[in-house]
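Below: a set of structures, written as structure tokens.
Look for chain A in each of the two complexes below; its partner is chain B in the first and chain C in the second.
Entry: the complex of A and B
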């Protein structure tokens, strides 16, 4: 082993002081903070390689302004785009267009256009710079955009000056059960390593001031591309099955006979419990037990909820069962991709079984599609809530 | 060589005026000669009052001598002059004894044969009576003169606590301590410091509580002081402190008798110096310099919270500007995105790097503070306005500094003043600059390096031989009850263990029979 002599330690310590130092300092106002980034496919394509467009949204702090001084009419951001084959290369090329040092440690949102995610290898390769880059944070949120992703960065939301900040808060808002939880880059990277399938939040532009966060894109871990998407309704079904639906409402038909008698239930609690029933890998049987509790917020049914809470509960159970079964069918037949985190469950609880089937889980043999998923719903409507019947009762 | 030795001899001559040949040290029996030698010794000052009186059937001459302005005039007039003038001694009486025994109505009266004693007594405000024909002189303790009233100290205010403070007179100060501790074991050991000033310095402690080695060590150090004049206790502090290079005070000063009393009862030494209202307390530890009497005067939850607040303020005072520099110049990723953007927006257009900006503001503040202390009180208020306006408003609107820097400077300044000891507050403000420079060079890494250095220094520092970092290092678990937190009084029955007191019980729970 090398043991330094006492005299040689002095230059070592000097180096310690001199090698780091004030020439590495860049004042905060001289940095260009990238808050959001998007990756699109370029129209011009070479034969071998896909051309990509990287767009960085750089914050202009004076446009944001401080709390006392209004930012004025100045735009608070600046979008810089560049076309190229390799994201890492493009990243350095971007500096040619920016007058300040680009700084990605506050990068919060990363959006891919749907086309990029459907290209084999392109999606994964372009992720490399974000997952492995020294400056990159593991907490940035990843989403897929309908159409051109960079268009999302040009949205002009009314109450917030940075479009990417708007997208970030939009992804975090979980008050609806029709959206997936925000996907952190950290998780995405983990799933890619484990060859897991997963879902990515899906964004689309609704008008020039608003973006809609609705449904999910489905990524197949074995095929390594996005194979399709679920709309809001089916996403809700998926969230019921995984127990992720925390908030939100559901429209349930109360009396089958009348088509207009519907009631809206707001969930207070959703729990799901997943069990593997047998071990035969060609005919796997899963059982998902769900406990759903909710309150009635609105009803047009003639059935009085005070006396007939059971009727409502039954209706709720039935609607959820229908919805979840529809979701399962879509996943197993159309997408042929495990979006219910069964892979996570199997790897955690039945590791040996998982080892034998993981290469053919939702590809090839596709054990996932062959398996049988049995859903049991225990729905409870707890209160009649703010319906007209509650006032009726008070008056009587 | 020759020149040097000559210079040396001159020097030594000047330093000991008593060695002069023009007058004798011994007191003779001739009154006139005695008076002349005394006058020569003191250089015939204008404030020396010599009252010659002829008294008794034998027409004996006596002289009464004192310094005007340094005596208690009423005492001199009523208890000495009047009684002496109205006295009717027997013809064959020994006048000196007669005065000593019967006439003079002052308790503090001594006899001496030494001119040195006489001159020292007169210069201290005592009155001397010479009687013709004897070589003995009567000295009466009449020291008094103008004194300030005992009032609330300016430098250490408490919301809940006594309104008394020490004054310049050491006698009054001793009595202030004596009033609070009526223990016969309270000791006042007098030293004399200042070859020319001959100031009284009193080492005070409670025998039976204090560890004897501590007293011995302090007496040894005090004996080593050799100076003309100790301007104040601050100079004594610098003579006897352990490390003169340290930024931390190893003896703390206080103007409050209650704080001195508390220290005595804990088993510490209090040093009083004549002529200064600041007494010294030693030994101290780092944590104790952040303790205020307020902590003990309030209930323990309040006391503990106040202490937390003070420690937090100390950290703010040391670290805030340097953290700002480090984060703005090196590590913008350490802050939440929105905060970084607002800092960046505020700094947009500021022409200086963060370090220069922070340094400018810190120095401006120090200048303002210094000016505020020096200025007469009437103008003092102007400083507030000018300072507030110049720094706060104009600097920002002129675009020289960012508004955030103003907040940081203000917060740092205010936080540094929460330290209950002013000497500690200054140290903190000084250390802040070191941290700022380190942050400017090396960012957070530099701050951590300097912080480690400061910690190494603290664990090496001692206050009169007692580790400064006690009870953290070495760990004394018992003393943690009164360190960062101030435990309820019921749990603080023992004196601090680190002082190794002879009697370690400060309080006891007394069972009440019903």
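Entry: the complex of A and C
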């Protein structure tokens, strides 16, 4: 057993100095937490390289207050911008403007302006820093903004102190079927590795207090740029086809002869099943079967829904079929990009076939546009609501 | 015999063998194992070579246990000398000591590298390594039985951490990541089998049982316990690979430096505290690496002790420590470190496999007791 003699205590105490481990300590008060970041294109351009503007939204704790004390009238955030070619380099440059250590572990939202995503390579290159850095988390949500992305961080939402926090919760809200599921950086990274096309949530400013989350931006995995966007309506069509529509409503014309006989159905269940029926490369045929169930929440039709649920079901089927066919049309002809996750299905279930067509899937030869997508809808209206529309007795 | 008396003083139970196997094997390797397995396979195909490689390793540890348990209360050098000759036994002991030293420095560099990367950006990597080494030296210079008791103390904590990791990341798994199935070519399966044997055997450390079983007083059940310990390790590998691939997808897993650390960082459980699960996971994994380091160092000491019977244990430890610290600094970067790991691993595997098979044959032919 080693019992230190009195003389040997001195070096032991000296060792304590080495063991304090304070090389890396940064007091929490001295950290500036970045909650949201945006990337825009700059007007100034050099010859070779596109200049970018990076804006970080940094939390100001005194503005937020704690759970017991309300934060004052002070603004709870601070936006810092800088122009440069290279994101990480810019981040370091940002430190020149920030009085505290910038800390990105709480970065939750990352927004690119539509312009940036349309520049080949620029989008991908600027993503690299967010997947490579040790303090970056793969769960951050990525979105595309209409117009200037940094403007989104200047919105003054009500009830919420931080614009980027507002955006984060907005992206998570899936009560409407006209929006895409939040895109995590992790998924985005995977799609880029696999050369998959995918959709990115699309945000636009509706007024100085609100941001609207509507539709999606469409990224083409072979061409590596955003090639266009889908509006809310077509996004709903896309969500039906992929089975991602969980909540939401749809307006259906019940009686074709009368234009005012509209009814609103709220979905309770949307399922879709994708099958490849013909696997000849040049004549690919897909069949998508959808099961949609819903309840009537509003109607202006004189057809009594309580007794005529079948009529409503038929009308629902017809509307969905029309919408989805319009969406497919748009995807195959206008965008020429696979937004229906057929790529995921093909790679998973027909790997050999996918390997032979993937380089020409939605570019060049474009097997996607040439393929035939057949939609079958099975719609059921389950419940007609609390009111039974019947005036037969009084009329007699 | 003097040696026997000393061993009697430091005996362990059969149960300690069961705990020692996972404690030995779980270390740095697992943190990047999903990457190296996903690298050559497609989808979830990595599980088949892992099962196959795991099966081979389990078979081998059974053979190791069988041969070592035939000679209760005899040190490795003693029974190795009986089976072969004294000079050969000494040479083999030296090789094991060398492997122990190399493994200790490899793990030390690994933990220093990772801590430097994720936790202490400013702290010099040498200081992190030195601090860790000092703690390991403290453990090794004490009683051998204490190391096994530390194993028993840490292993449940490590298991709970892994369990939490798997449980929390379950919500992030995607069905799409599990397909396609059976699309890997034979070459890919072959490579993955190699790599899984390397990882499941913990770069050859499972062979240390050749030394440790002689510490067990009545090692009748020891081979069985070792096999159970190994199965435990294989199941753990399997679960980690499956969850990592299901969360990230095969292609991302293949492109992450430390997929398991990324997995820990991905976890987001509402409620603030577990949002920082990664830091907790780090601390616990440091314990796992500490166990491995301490036992590898201890095997080196044990092997040298049996050769140089008159030299004090502490002296051996104090001579080896600077050598280990020096070796730690040799690899230039992470890529080289990975390569060094593979070389040490194949060296260890070759050593254990050839020694075990040789001993079994000689035992059958000569029938020594």
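Just so we're on the same page, the second predicted complex is superposed on the first by the 366 of 396 C-alpha atoms of A that agree within 3 Å, B and C clash if a C-alpha of one lies under 4 Å from a C-alpha of the other, contacts with A are read in each partner's own complex, and residues count from 1 in each chain.
Rule of thumb we're sticking to: a contact is a pair of C-beta atoms (placed from the backbone, for glycine too) under 8 Å apart; a residue touches a chain by one contact, two chains touch by 3 or more.
For clarity, every value in this text was computed on a predicted model and none was experimentally measured.
Of the two partner chains, chain B (first) and chain C (second), which one does A:103 touch, if any: first, second, both, or neither?
first
Could you tell me if A:344 is touching chain B, chain C, both of them or neither one (first, second, both, neither)?
second
Of the two partner chains, chain B (first) and chain C (second), which one does A:24 touch, if any: first, second, both, or neither?
It touches chain B and chain C both.
Have a look at where A:33 lands relative to chain B and chain C in the superposition and call it first, second, both or neither.
A:33 sits against chain B, while chain C stays out of touch.
Per the contact definition in the header, classify A:189: touching chain B only (first), chain C only (second), both, or neither.
Touch partner of A:189: chain C, not chain B.
If you tally the residues of chain A touched by each partner, is the higher count for chain B or for chain C?
Here the partner covering more residues of chain A is B.
Taking the superposition as given, does A:139 touch the first partner, chain B, the second, chain C, both, or neither?
Only chain C is touched by A:139; chain B is not.
For chain A, give the residues common to its interface with chain B and its interface with chain C.
21, 24, 137
Please name which positions on chain B make contact with chain A in the complex.
Within the complex, chain B contacts chain A at residues 327-330, 332-333, 337, 340-350, 353-354, 403, 440-443, 445.
Which chain A residues qualify as touching chain B in the complex?
Contacts found on chain A: 17, 20-22, 24-29, 31, 33, 35, 59, 61-62, 64-68, 71, 103, 105-106, 108, 137.
So in the complex, the part of chain C that touches chain A is made up of which residues?
Residues in contact with chain A: 42-43, 117-124, 127, 131, 176, 179-180, 183, 248-249, 251-252, 255, 262, 265-266, 268.
Where on chain A does chain C make contact in their complex?
For this pair, the touching residues of chain A are 18-19, 21, 23-24, 134, 137-139, 186, 189-190, 193-194, 344, 347-349, 351-352.
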